[in-house]
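Look for chain A in each of the two complexes below; its partner is chain B in the first and chain C in the second.
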Partner chain A sequence: MNLINKLAYYLVIILIILSINFFLPRAMPGDQLAYLIGENPDMPTRMTDEEREVLLAHYGLDKPLSEQYLDYLVGISRGDLGWSIYRSAPVLEVILVRLKWTMLLTGTSTVIYLLLGIFLGAESAWARGNKKDTWSLISILTVSSLPVFFLGILLKIFFGAELDIFPLDGAKTTCASYANPLEGVLDILHHLVLPAATLVIAHIGGTYLLMRNSMLSVLGADYILSARAKGLSERYILNRHAIKNALLPIVTMAALMVGFMITGTIFVEKVFTYPGIGLLLYDSVMCRDYPLLQGLFLIIAISVVIANFIADMTYIWLDPRVREE
Partner chain B sequence: MTRMKVNDVLGSLGLGILAILVVVAIFAPQIAPYDPHHTYKRMERPSSEHLLGTNDIGNDILSEVIYGTRVSLFIAFMVSITAITIGTSLGLIAGYSGGVAEFMIMRIVDIFLTIPRLVLIIVIAAFMPRSIWNLIAVFIIFGWVMTARIVRSEVLTLRNQYYVESARMLGGSNLYILWRHILPNVIPLVVVQFIMEAGHVIVAEAGLSFLGLGDPVARSWGTTFHYAFECPTLYTSDVWMWWMLPPGLCIVATVLGFTFVGYALEERLNPKLKTVVGMEI
Partner chain C sequence: MRISDLKTNFPTPDGIVRAVDTIDLSIRDTETFGLIGETGCGKTVLGLTIMRLLHPAATMEGEIIYKGKNLLEASEAEMRTIRGREIAIILQNPTTSLNPVMRVGEQIAEAIRLHQGLNKKDAAAKAVEMLDAVRIPSPSQRANEYPHEFSGGMKQRVMIAMGLACNPSFIIADEPTKGLDVTIKAQIVELMKEMTERKAMLLITHDLSVARELCDRIALMYAGELVEYAPLKGIFESPLHPYTRGFLGSLPERGLVPIPGMSPSLIDFPDGCRFHPRCEHATEVCRREHPELVEFNAGHFVRCHHARS
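Right, the complex of A and B next:
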């Protein structure tokens, strides 16, 4: 029952996102056609009334709103996200080409910041009150308060420009020919270091703090006391009793973080000119490529909703108490 | 050091930072050496005339950053005060009245919390002409959500307290009870939310302006940062030190100021948190 409720809830949210996407440009003061053809408001496109009629008919804008909405939903269900005039290609295709870079970047950063945050948080809580705990707390909180784009540029200037050990831009060397596939992989990893490091540093604070708090409450539990009374080693208690139980809140947070991660990725990709969908979003804003912009919003929002759904399911699966309810 | 002292130190440090910034914002015309829109020789290095040099169109960078304080703080203040007022009102209504109103408000809150906030803000801002009023409007749309949720859950516990029930029994109207007995008790939470939201808007606004969605005339720190980032010689010269670092550090200082004050207030107003967070230094 719980599962069906959740599923229905998330389907409603997806429908709402689809509707926002449909009604947003229509609620804006500008001309809907101007948005679709990417017109610059300072330089209006000159066209005759007949040409306008043809264009309106082409986009189905001459139909009543309800019919447009239905057409839009049917189009989406077929994977038709519209046509980007600026790139002269279907929106979905443009996005799919770029998606792999974003997935590489966010995937790597997510794995690293989760593992590192969990590890440091657990260590910090274990050594609570010590100098080690205090200093990791202060330094992590301070570094995480840097805006992600500022942090990215500082890393880029320092490690990219001054020390010249990492490339400044891109996901791989342009026009490079590799002797063997391994060289290509290394090149991509080399380009990945700074963007991924920026995302990891920017996001580690939340995981660290949550893990630390969660560990602190677990360490006060009775079963830790009994484990200690049994004479188990401290390391064993930490690894087998404390960390496992403290991990639960991290699951919920990891889903919430998907949204933050995507926001961070937009800035990081812009700073490092990393060719993922974040940079695509920025470019589409700059060239007024509204169909592409809306397609990106749809893909990003729906991915975040799906991530939330997966987290909810994992939570139910991990915690029997939630399952019973 | 004891915990109380750390709190006081952090709190006063935060208040100090914010006080300086407010003074700079109010007296910007008196403090700034030049008019930020006046043009001089372009791309000058720092000198006694222009302490932070000049930018690509010849504006004095120091004056631009000083005036930027105005823009950034103004946006943060306007957004927070409006969004928190809306959020508190909706939270009070949802928590106190229950029923259909509560259901509707809380579903909207859930939806807003699921949709990635900044991405939608970028999309909406892209459709609008670039101006600070539009930025303020977009941030308000999303700024009330957390407050509404927090206030509602507090009201849920407050409304069953004995003193509220006695007030009701003595014939107090709903509006009277909300105003005299419930609102004063949620004010501490609201103040903390206000501070947190202001810090959040500072970063979000800087981010949006960094992406080029800020007001090109009323330049906030983020806008200055944006133009510095577009400078082609950013990585081959040390121009970033006087063009990019000052607005960046201002953003960081402001965020830290808000965070410290928010943290100190939260610890003091909500003693329950102490055991959970347990920040022993």
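Right, the complex of A and C next:
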């Protein structure tokens, strides 16, 4: 029952996102066809009224808004996100080719920065006030405060160019032929190291700090005193009593971070020319490929919704108090 | 257990908090000793000092001799074998003292596994037995539930089961009836009486009616020190200290008369007798000289310049 309610709730959210995605570009000022003929006033391109009508009819823009909206929903339910103008291919196809790279990149780095941040944050809180805590706090916050693109460039120059141990860009070696599949996997991982490391370093600060603070407040809780009164060892208390309670705010943060991760990948994918949807987004802004942009926004919005759904489920698993409601 | 000359201090930016100040008392093997006082007088700190569960910054002086060993000199590893097994504390506020994300049965069983070396299954079964002993209905089912599914009185029962799980010989019970309504309170008092019959217990409370039901001897604590202690009868029938009389007078059946004023901060005590600013009998000597704890009648100690029967 609970789960059905939740799913219904997320379905409504997705419907609202679809509607916004439909109405937002149509609410923008200007001519729908402007991008076809260019907006540069020095280029006196002209369209006759007949040409306009043909084009509008071709894109279905001559129909009333309600009909366009219905067409749009029907199209999406069939997996039709439109036609990319610049790439001359279906939007969904273009996105799917790129999506796997972004999922590999953000997936790997999210798992690493969450685990590492949780671990370091818990250790830091446990050693609060000690040298170990102070130094982790200072060093992690310093490197994490650097802007993503700057960090990426630094890593690229140092590990890519100077030391020459990691490739400078791309997701795999171009036109390479591999002796066996393992070699291919290793090549992909080799290309993944620097962009993933950039994202990990850029995002670990938030997780670390939140885990440290959350852990500090948990360590002051009465039930920790209660556990110590039973004669349990400090390590046991940390693992069995403290961590699960301290993780609750991290779950919320991780879900919210997914949205920011996409923005983060735009810079990282640009710096490392990594063929994911961040770079695709950047390119489609540059060449004003509106249908593709619209499709990308939709995919990003839906992945944020999915992340929230996962967070909700994790919360239910972690906190028995939420299960009741 | 013999406590002598015990001082517990906390350094704070505002000065040193002297939460427990030169306390001497001994608790016999099977007696229930009541420690009574207003909020903030240092009684909870005394309980936590015995368990050595205070913040690392706290400093402790004096001796707490338990079974021939000075607990203040015991290592942390030694203390871990004593906590829960020899000496158990039933903490106040069951709602916050139970881990919200751990099943109730497991919170009892983990101590049993640790101290009695039982395996997971046997310890879980023992935990169910404990829940049954504190009269929780359908204990095997309740053991798998979480604290938020229990009412306040039931949580207090869980706390008692948790404290007594490894059959400790000394129990510290900190406000076990706090926040319970009258009928539940009576049930908990009855349960405590039965469960701690052959054990030593230090009962920390500000509820005289509970102390009267459970205690053999009672001490009154004011501003970090004991001001009077005596057998139950002595306190209720012939109280010597004005603070004790004031406390008794604030009982509902004696007219609910409050003691005027507030208890002093534990950083800055008044000169002389610490109670003198609130005492109607205070004289010049009370303002000047700090009274000693003296044995007025056999076994009846009081700290007052003007003690009279």
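We take it that the second predicted complex is superposed on the first by the 294 of 325 C-alpha atoms of A that agree within 3 Å, B and C clash if a C-alpha of one lies under 4 Å from a C-alpha of the other, contacts with A are read in each partner's own complex, and residues count from 1 in each chain.
To be clear about the criterion, contacts are C-beta pairs under 8 Å (C-beta built on N, C-alpha and C of every residue); 3 or more make two chains touch, one makes a residue touch a chain.
This one's a predicted model, so the numbers in the text were calculated from it and none came from an experiment.
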Partners on chain A (chain B, chain C) - clash or fit: fit
Touching partner for A:F149 - first (chain B), second (chain C), both, neither: first
Which superposed partner A:L225 touches (first chain B, second chain C, both, neither): second
Contacts of A:G160 with chain B and chain C, given as first, second, both or neither: first
Partner chain in contact with A:E50 - chain B first, chain C second, else both or neither: neither
Once both complexes are placed on the shared chain, angle at chain A toward chain B and chain C, C-alpha, multiple of 10 degrees: 80
Contacts of A:D319 with chain B and chain C, given as first, second, both or neither: second
Residues of chain A touched, compared between chain B and chain C (which is higher): B
CA minimum distance (chain B, chain C), superposed complexes, angstrom: 10
Footprint overlap on chain A, comparing chain B with chain C: none
Interface residues, chain C side, partner chain A - complex: 51, 53, 79-85, 88-89, 91, 93, 96-102, 110-111, 114-115, 146, 148, 162
Residues of chain A defined as touching chain C within the complex: 221-223, 225-233, 240-241, 244-245, 318-321, 324
Partner chain B, residues of chain A touching it in the complex: 13, 16-17, 20, 24-25, 28, 30, 35, 41, 128-129, 134, 137-138, 142, 145-150, 153-154, 156-157, 160-161, 168, 213, 216-217, 259, 262-263, 266-267, 270-271, 281-282, 284-286, 288, 290, 293-294, 297, 300-301, 304-305, 308
List of chain B residues in touch with chain A within their complex: 111, 114-120, 122-124, 126-129, 203, 206-207, 210-213, 225, 229, 234-236, 240, 244, 248, 251-252, 255-256, 259, 276-281
